[in-house]
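Okay, so chain A shows up in both of these, paired with chain B first and chain C after.
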Partner chain A sequence: MTSMTRPKRAWLVIAGQELRELWLSARGPVLVLLFSLLLSVITYLAAADKELNILDQRQTVNLVLQVTLAIGVALALLLSADAISGERERETLESLLLTPIPRRDIAIGKLVAAFSVWPVIILVAIPYIWILREGGEIFTDAVLVAPLIGALLVVAFASLGLVVSTASSSNRASLAVSFFAFVALMVPTQLPLKGWTGDALRYTNPVTAGSRFIEKVVVDNHSWGDEVSLLIAPVLAAVITLTAAVVLATRLRIYGGFGR
Partner chain B sequence: MRRLVWIVLAVAAVLPLGANAQVSAQEGSETTAVGDLRVSVSLSEVAALTGERFTFTSEISNKGSDPSPALIANLNIVSLDQSAYIDPEDWSPQRFANVAPIEAGSSAEQTWTVNPVLKGSVAVYVVIVPESPDLAKAEALVSSSAIHLQIGEQRTLNPGGVLPVVLAVPGLLGLILLGLVMARRRG
Partner chain C sequence: MTGNGTERGQGEAALQVRGLSKSYGSLKAVRDLSFEAFRGEIIGFLGPNGAGKTTAIRMLSTILPPDAGSFTLGGVAHTDAIAIRQRIGVLPESAGYPFQQTGDEFISYHGRLFGHSPARAREIGASLLQEVGLGERASSRISSYSRGMRQRLGVARTLVNEPEVLFLDEPTLGLDPAGQRQMLRLISDIARQRQTTVILSTHFLDEVEQICSRVLILKQGEVAAEGSIADIKRQTAPRAARFSVPPEMHDEALAHLAKAAGIAHAAPANSEPGSIIATFENGWMTENSRLGMNSAIRALTDAEVPILSFELEGSRLSDAFLSLTEEEPQ
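== the complex of A and B ==
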């Protein structure tokens, strides 16, 4: 380690490389284009329903926000789930580990690239929210609450994906486990949660808590302070998984699992 | 002795009826019977397209000699051709109205908004129900005649004016993607 000095802010180098690969290749833009097409279809159908007064504008905006949240979280999770196990499978991880970049910086750089999906996704969603809003207040609520909740969940899920990717010996296993975790945590948002078990699940599952927070603020017009308890699970999930991802990255090995 | 038994049995049999009759008589003495109320609606026929809201009024008249009891006027919507299931909540934001007792010879008016969401032949009518459960079950309810709605389907290509955004955003992103692909090929 005499000739090779550790670069300062090496994570920036990794993040720059990953961001270029994601956004200057077709991969990122194609995903965002597909997302915008999905949002166009949903917006068109929701507007048709709104015109018939089956959905009011707050429910319509909430629908778009919930879809945006789900897609943003899923994309960030799948990108980070591919981050290490993908390098491993493409046999590029070994050369990456031979560079003087600390393993923690590799993880942080890859996480930054996965996080970058969220601002792009929310930027694409804003015109749809604007056209469906029918009122300044609802637009302000929507463009403030959704980025915050989405950012927390994207950090949590991208970090979770990186942990799984670091541990997995194959990319297929990493993607499958991550996707299962995503579905398992997303499904309760569609369930009628009642009683103390429902409350427990609603407040402990970061996805249901985040989704509920958006719904309460946007649809029910509650203030943020009224529902602040719903923010606990997303914040804790983001902090715990991010810490785990960065700490476990120091034990990153060429093969799967965590070594010493 | 046998006659006395018969008298006692007869009194016992009549007493509950008497008690019921007293309740009805008390209520009947204070309020006019529901049968003396009439409900009329301001429209009889409506032809509209889906999404075209309209309003109508109903008028409850007290033809009796006493004030009416407190009432609930309820809006009912029924499909006449069974072409579609009607969920009344989708069709009207307000399904009922509380009506204070109406003086004898007076009337009360309610305004209803209907938003047709499906095509078909539909009947809309208002029925009045006394708030008191005893009165509600005592006699037949009174309803208005039905307004016949003939709803046609409205097809709009630009619901809520969303079409420009729905087309422009993917179009713009598609152009950016195309530019990136071409730049990569050149580079």
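== the complex of A and C ==
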């Protein structure tokens, strides 16, 4: 044997490879291009046709942020949902499991690649927010609050996707379950939430809470401190799902499931 | 290529397996598997489909935990999975490849995963691709590789850590004859030059006869036979002999053979004129094979029937394999 040492920080090697495959292949750039086209249409309709646009500038910026959030979360979720079960289906997982790197490092490396979607998406969105801004204050609020909420939700959803992917023996099942979870958590943001059940949902669903936080800060011009309770669900969701993804990854198997 | 490897018993075993078992629910995939493998030897890991070969390899490569039993590899206990993985190379039966990567990117990446620095991983990658005959295609995408090239790339990947033991699960499956020969030569070279122990799982028994020093035959998860190819062949006695005689003397030869001592019956072989299959009496060849063969040959030579060719049916590894692994009719 050569004078090999146990690989240290192997997650960096995995992350580097995953990032190259995502951003230096067509996959990542095409997704970003499509997102950019969507934002262009929204911005054009909002900025060019004042008569048709029934939203004020703050609401328009909020709309762009909510769309950005939804797309960023969806992409991170689907990338991580494919991360393990996709390798399993493409029959490349066994080679990876045969390397001396801890399973946890595989999970962390793949999560880092999924997280990378968010900074790229938010960077693409910033020029559109700049165009739609009215005064410096809304721009500052928007570019501070959206990355934070987005980061928490992207961590939560990407980690959830990885847990599902680790457990799934089929990639199709992993993507379907993850997408269903995304829709189920995203739908309440579009519903009129009233009464105590509405409040409960607003504060416990991390997407609803995060979305509401952005709206309060950007549209209603509230301070962060006024709405800090809305941050609890996104923070908890990020911490719990990330921990679950990393812990359960130690039981990553060649087939699905978490058994022996 | 001929039978390769170090003689059994020389030096410390590279791999020692003791009572390894694995079940999937009520199905016992591997039962009480025990064997030893020495440095530089190539062991044929044989068995019909579902015999437990892949499960055994997955246990020995730490992909699956055994239900019972243990093994040591290079002196390392099976419970230290990371240390075991540092000492083995595995080419799984269904190995997928990232088609968008080039050959050198693929090997370098795996070199990094085994703890090599980026520069060293690239250096090793270039050297290994040269060794497996892919040097000129190193910078081509894997999607442009033929099946044989991908298999050789897979072998190169298994060598990035200079393994002590190499597990190859059906490495020649789907290859054309030239590709098969190339792969066998490569495996043989790896065992000889690197003194790597190779566990070769395959259904192609002629390959085993060409390059393996020993075989281990599994049947329904249990070891049905283990030993050198000659030992295995000896465990199953020849059942019949095929004689080729001039077509015009066919009937005469048939009559003489039918009357020869130890011959249960003689019948024309269906396909070839002048060819006769003489079936030995049950157990007779086992007890005195030399006498039995001589008796049949003498019956023809005494009658002055020229023997154009003579071959013992059942003297090949494939015959022994079938005899050891075929189910008894219910």
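The rule is simple: the second predicted complex is superposed on the first by the 248 of 260 C-alpha atoms of A that agree within 3 Å, B and C clash if a C-alpha of one lies under 4 Å from a C-alpha of the other, contacts with A are read in each partner's own complex, and residues count from 1 in each chain.
Operating definition for what follows: a residue touches a chain if its C-beta (ideal position, glycine included) is under 8 Å from a C-beta of that chain, and two chains touch if they have at least 3 such contacts.
The structure presented is a predicted model; accordingly, all values stated were derived computationally and were not measured.
Upon superposition of the two complexes on chain A, no clash is found between chain B and chain C, which fit side by side. When the two complexes are overlaid on their common chain A, residue A:32 makes contact with chain B while staying clear of chain C.
Of the two partner chains placed by superposition, A:112 touches none, neither chain B nor chain C. When the two complexes are overlaid on their common chain A, residue A:124 makes contact with chain B while staying clear of chain C. Touch criterion met: A:132 reaches chain B, while chain C stays clear of it. Once the two complexes are overlaid on the shared chain, A:186 sits clear of chain B and of chain C alike. Touch criterion met: A:100 reaches chain C, while chain B stays clear of it. In this overlay, which is a superposition and not a single complex, chain B and chain C have their closest Cα atoms 8 Å apart.
Overlaid on A, the two complexes show chain B and chain C touching the same residues of chain A, namely 25. Across the complex, chain C meets chain A through its residues 58, 61, 63-65, 74, 82-83, 85-88, 90, 92, 94-98, 100, 109-110, 112-116, 157, 161-164. Residue ranges on chain A touching chain C, taken from their complex, read 1-2, 4-8, 10, 13-14, 17, 21, 25, 90-92, 94-102, 254, 260. For chain B in complex with chain A, the touching residues are 50-51, 53, 90, 93, 115, 117, 156, 159-170, 173-174, 176-177, 180-181, 184. Of all residues in chain A, only 24-26, 29-30, 32-33, 36-37, 39-40, 43-44, 47-48, 50-54, 124, 127-128, 130-132 touch chain B in the complex they form.
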